[in-house]
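I've put the structures underneath this note.
One chain, chain A, appears in both complexes that follow, with chain B as partner in the first and chain C in the second.
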Partner chain A sequence: MTQPLLRASALVRTYRGGAREHAALRDVSLTVAAGDWVAITGPSGCGKSTLLHLLGGLDRPDSGEVWLAGTRLDDRDESGRALLRRRHVGFVFQFLNLVPTMTVIGNVELPLVLQGVARREARARSLEVLEELGVGDAADAAPAELSGGQQQRVALARAVVHRPDVLLADEPTGALDSASADVVLDLLRRRHDSGQSIVLVTHDHRVAAAADRVVTMLDGEIVDERDLTGAKDRPTYANLINLEG
Partner chain B sequence: MSATLRLALSGLRGRSKVAAGATALVAALAAAAVVAGLSVQSQGGPQVDEIYRDSGRPDLVVYGEPGALEGLRGDAAFAATGPVTAYTTGEVELGDGSVEARVATPPPASAVGAPQLRTGRWASAAGEVVFDRAAAVEAGVRDGDRVRINAAGGLVTLTVVGTAVDLTDCFYPDCDPIRLFVDPAGLRALAPDVADQHSMLIARLADPDAADAAAARLGGSAGVEGVQPWPDTRDDILTRELIFGASLAAFGIFVLLAAAFVVAGTAAARLLARRREIAMLQAVGYTNRQIIGGLLAETLILGLAGAVLGWLAGTLLAPFLQVGLSAAMGRTGLRVSVVSLLIAVAFVGVILTAATVLPARRAARQPVTDVLRDAPPRSAAPARVARLLDRLRLAPATRFGIGTVLARPARSALTAAALAIAVAAVVVAAGFLTTMDRFVTEPASAGDPYDAAVAGDGTDGARTAAALSSMPEVAGWYTQTDRRATLGEETFLARAVGGDPAQAGFLVREGQPLRAAGEALVGYGFLKRFGLGVGDTVDIRAGDTPLALKIVGWYSETEDTGEVLMYRAEMLPGATPDAFLVSARSGTPAALATALRERLGPAATVHPIEADSDELTLFTYSMLVMAGLVLVVSLANLAAALLSGARERARVLGVLRTVGFTVRQTLAQSASGGAVLGVAAGIVGLPVGLVLFQVLSDQMTIGIGAGPGLSRSPSWVLLVLTVPAAALIGALAGAAVTRRLAGTPASTLVRWE
Partner chain C sequence: MKYVVLGLLAAGPAHGYEVRRRYDELFAGAGVEVNVGQIYVTLGRLEKDGLVTHTPASGGDRRDRKVYRLTDTGTKALREWFAERPDTPIVKPDVLLRLVTARLAASVIPGIDARAIIADHRQQCYEALRDLDRQAGQTPPGSVSGLLLQATALHLQAELRWLEACEQQLTQILPETEPQP
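Moving on to the complex of A and B:
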């Protein structure tokens, strides 16, 4: 049996603020195979981003396990998880993804430089990805000089330039107008078609419908999971769920 | 309540108690330093004036023959005089050495110039003595102690029954002889032969402002050996207080400047953090003026609280910062000065206003819509900086750390400036300490180029001179005979110098050493007081001897604040040297003194020169404390600026962690930023400190009469290490303030608001 790329089992995560506690995740399990595109959707505060952060090793669960590429992630310290992320994970967020004091090319080549790739090669590979995502001309610009859509494409370039096993995206189109969102979605689709595993958190049913599998969360639990592989009428998937009202 | 005040109070409520306390504390430290400096400068004067009044206003002290002094008592310039008082001189054993003493019977308590009893009682028997208060405190002599005095009558042991302050000269150790008081029988025991007794007269003038003129006139009278006017004595008593107070106040300005940069930096950071709140207020109708007024009022309320606290602290501290006076007169009481409170409030107010208004204006002028839709702050940004840094092959953490410093140049400059002031303060303090050390270890800097002194009283001058010339331990010697002299209507100390002063090692700063009759070598204070220069000719009267002298040079001298004129002893024929000043060929002053005692016999009074370092201890510690204070304030500011910067960048740090930054890299980026600020501070602070040190030290050495150019720069090791040390401190501060963020989960950082 093929080992899953990403496996989370019985995850529990509770946030504590003084005397108040908020259970963000309650016994959540999820498996992502290589080449999968999983969309996690649900209303605000349901635990989507928390789950994504645990999957990428940005945080540790109170209990449960996270395995990435055959390596247990949750029992490593902060730096140990950072080293694993460098190799296996790419992240994209809703906004403010880029380091403002670095140029576009500086941002994109960062994961390669951190992995020790020679600067010349890192630059060449970064330019290649930027060209592929249609922002090659902006390589020497500062992030503040780009539009929101362009910035998100640069963020995507940085997330994939080191060819991670999995791309974790948190509302990647949430701050974009519909045209820019379409471009980003199309780019994600093309990366997936070329074999990239993607786990994506979104409110947008249209974006969720582009995934192979849609996981729906509510109050820290997975309440629905659907496989859309081969579904004939994906764009109408939004009509199938009605959990966000 | 006005909208502006409401905004200010709301801002104060919203501040963390620690941050508000820090702002008030910085203002308090600055105010305390300035107030302490001003108080030290001014507190001695009233204290001295009070005891001058209590002593019946002794405006003139006239030394001379008893008959001549009796004749002067009816002088028209005198409002009142004490009796002509007999005194003798001797040596008092103090610790391992001895000090010259003048022993007199005290005049009636109501007489002009009567000494003021501080402890115990007056002597009532031959075996009792009242000791000089300043010397008693300095040497640890207490009532009941027994002291040995070597006078004309031989070695006598007396019991100390009290201590007193006497205003006929400034206080020990700045001036000697020390003054002792015995009863008439005691004086007779010390000087059985009347020829060993001298006389003095203390007078109150009808016009105290005419003391110098009267001294000049009387100095030339027959039978008068010298006249000491009160203004000279008062200046000598207060010189150290003035210089020390000025130094403290100058360092207070350092603290104040550091505080200004601290407040400006923290204000800028805080306003950036409150930009949304400010935009909301603008949205509901606050005008820019109200916003700026509210933000300014918020800072000024904290500053006012700090200034009052600082004024209180400075006022309480000042009595403990007395140099010289406290030994003689006890600690001054608390002097509550409304003027110093107003000065402190004004200083702090001006500095805080300047530091707050600019960032407040920027905050009020931000585009409201941008802020309300959470657009990132507009900055001139870092496109050029980013491209420049991209060209450098720096490690990612270093690259990011430097980039964040350069991305906010104004705030980084403020932080570096505060640290640069600390660097400058350390350089200035180190320079002062090195210069002080020079004055202690090189007596020639203070006008004392000898290792031991042989008292001239009671010795055969020719025999002593012959003995000194034959001793292998003696490298050279000269004699001095002091007289109060007059130039026009003003008096000063004139010193007839015999032997070979050209070889004595006087620190001649301009012109040439004293070689021949008709020449004069003067202290810098003399040139300054009389507006003269090297090459000028002066006609003076030394005692009743008129002298025409050409000034051939000036030398470093601190006695009488440098208002000293030296001329050849050949021009004062028949005068007995007051002392033979001897330089050692090798060995210590104590060894030379021992050799001199052996050679000259037990009748000779010999003193090795002693470095008067005790008095400098308070000065030294105060300098170090003040420099340390500036350093602490600046480092606290550096830490606060780096911390607020790190918090502002928390989300970016989170993004970097998602990309693969480790905890160590997170720390390293902040350390890099701190190091850059440290390097900038070192590069700016070092030359600024050196220039300031030159200016301030020249002011100090001119103030004490020694003249400019005597300062000695801090050691080159310290100077070389300054920039690396500043960089290291910056790096450590950077790493320290980011420790908490580095340990924060990346998921928290990427959600950072």
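Moving on to the complex of A and C:
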């Protein structure tokens, strides 16, 4: 078997707030192959965001290991993890985290500039991705001039512009109205169809249903894992709607 | 079906094929297929009850000659139907009954696993949701079919959220077996 893109084993993460201890993750293991789309779902407080942060090296586990693209991530210091993140990971969050003082395209080209890509090339690649995501016209606008849905598309463009091995998305549709959420979901679907590996955290089951695999978490543990890839070839459910009566 | 057909005729007299065409225009995108035979059976019943009547169409000798229209009794039936309250969407707790029964029957049928029941049901709900999403992509926005698909999708999402609650709150009814690796 080829080496998985992302492998987390026996992750434990406990938060200590004063006298209280809260076990956010207790012994969680997860493997993501290249090209996979995994959705992590579960009620709020189940540990799904904590898991995503550990997978992307935004946080470190108390014990357990995270391996990303053949490199161990969890035992590195912040700058070491930042380096790996920049190279391998793209992030999208519920709240967009765009830099308000920069233009749209300035935001998108940021990961490329940080990687040392030449300004001209960075600009050209950023514009290409913005156009692909349907917000090319907004390149020179300030983020605040755009709707929430458009801003999320910009955030998605910034997350994928450096062609990361894996896109990590934390409730990417959580702050959007349903029409904008549909657009973002559709864009994720298209990115995935063209080979993008995605790990997505969501409490929205319709979003989760778009993934290849759905992992359900409860109280810091994975309690179920469903493979939905087989559903692609099945005939449509004709009996989902019943007008008889 | 009965009232839908009455409604389709309330829009104007029509022969069976035309009734079916009107039906398909509204609902076929939601995957609620109907064949012309079902339409004729329904029209026959409605006619027997005096809710619709037919007149032979003039000209031609095609098989489809009867033009149906709503009678006064039919209009009254429709009006009475509108006066009734629509169904309350009451949940059929099929999964919960199985979970509870799995626990009760554990000594007689040791093979049943409550977690597997939840897992199977979750799989089914996700697959159905996936399916609906694909169908919704082929449905024009703002259509009746789209609304029907949306209703089913929202119910499935509620069911999935409720399954989480089942796992969370009803641990005492789940047999004390570890999920199979």
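Definition applied: the second predicted complex is superposed on the first by the 230 of 245 C-alpha atoms of A that agree within 3 Å, B and C clash if a C-alpha of one lies under 4 Å from a C-alpha of the other, contacts with A are read in each partner's own complex, and residues count from 1 in each chain.
Everything below uses one rule, namely that contacts are C-beta pairs under 8 Å (C-beta built on N, C-alpha and C of every residue); 3 or more make two chains touch, one makes a residue touch a chain.
Given the structure is predicted, the values throughout are model-derived calculations rather than measurements.
Novice: Applying the document's definition of touch, where does A:L228 land relative to chain B and chain C: first, second, both, or neither?
Specialist: In the superposition, A:L228 touches chain C alone.
Novice: For A:A124 in the superposed arrangement: first (chain B), second (chain C), both or neither?
Specialist: Touch status of A:A124: no partner.
Novice: Touching A:P43 in the superposition: chain B (first), chain C (second), both, neither?
Specialist: Only chain C is touched by A:P43; chain B is not.
Novice: Regarding the shared-chain residue A:G106, is it in contact with chain B (first), chain C (second), both, or neither?
Specialist: Only chain B is touched by A:G106; chain C is not.
Novice: Per the overlay, which chain contacts more chain A residues, chain B or chain C?
Specialist: Looking at chain B versus chain C, the one contacting more residues of chain A is B.
Novice: Which partner chains sit in contact with A:L83 here, chain B, chain C, both or neither? Use first/second/both/neither.
Specialist: First partner only.
Novice: For A:T216 in the superposed arrangement: first (chain B), second (chain C), both or neither?
Specialist: It touches chain C, and chain B stays clear.
Novice: State whether A:A10 touches chain B only (first), chain C only (second), both chains, or neither.
Specialist: So A:A10 meets neither chain B nor chain C here.
Novice: Quick one: which bits of chain A touch chain C in the complex? Just the residue numbers, please.
Specialist: Touch list, chain A to chain C: 42-43, 204-206, 208-210, 214, 216, 218-219, 223-224, 226, 228, 231, 234, 236-238, 240-245.
Novice: Which residues of chain A touch chain B once you look at their complex with the stated criterion?
Specialist: 49-50, 53-54, 56-60, 77-79, 81-83, 85-86, 89, 91, 93, 96-103, 105-106, 110-111, 113-115, 119, 140-142, 144-145, 158
Novice: For a test of understanding, state which residues of chain B touch chain A in their complex under the given definition.
Specialist: 376, 379, 381-383, 385-387, 389-390, 393, 396, 399-400, 403-404, 406-407, 651-652, 654-664, 742-743, 745-748, 750-751
Novice: Along chain C, where are the residues that touch chain A in the complex?
Specialist: Per the touch definition, chain C meets chain A at residues 1, 4, 27, 30-33, 87, 115, 118-119, 122-123, 125-135, 148-149, 151-153, 156-157, 160-161, 164-165, 167-168, 179.
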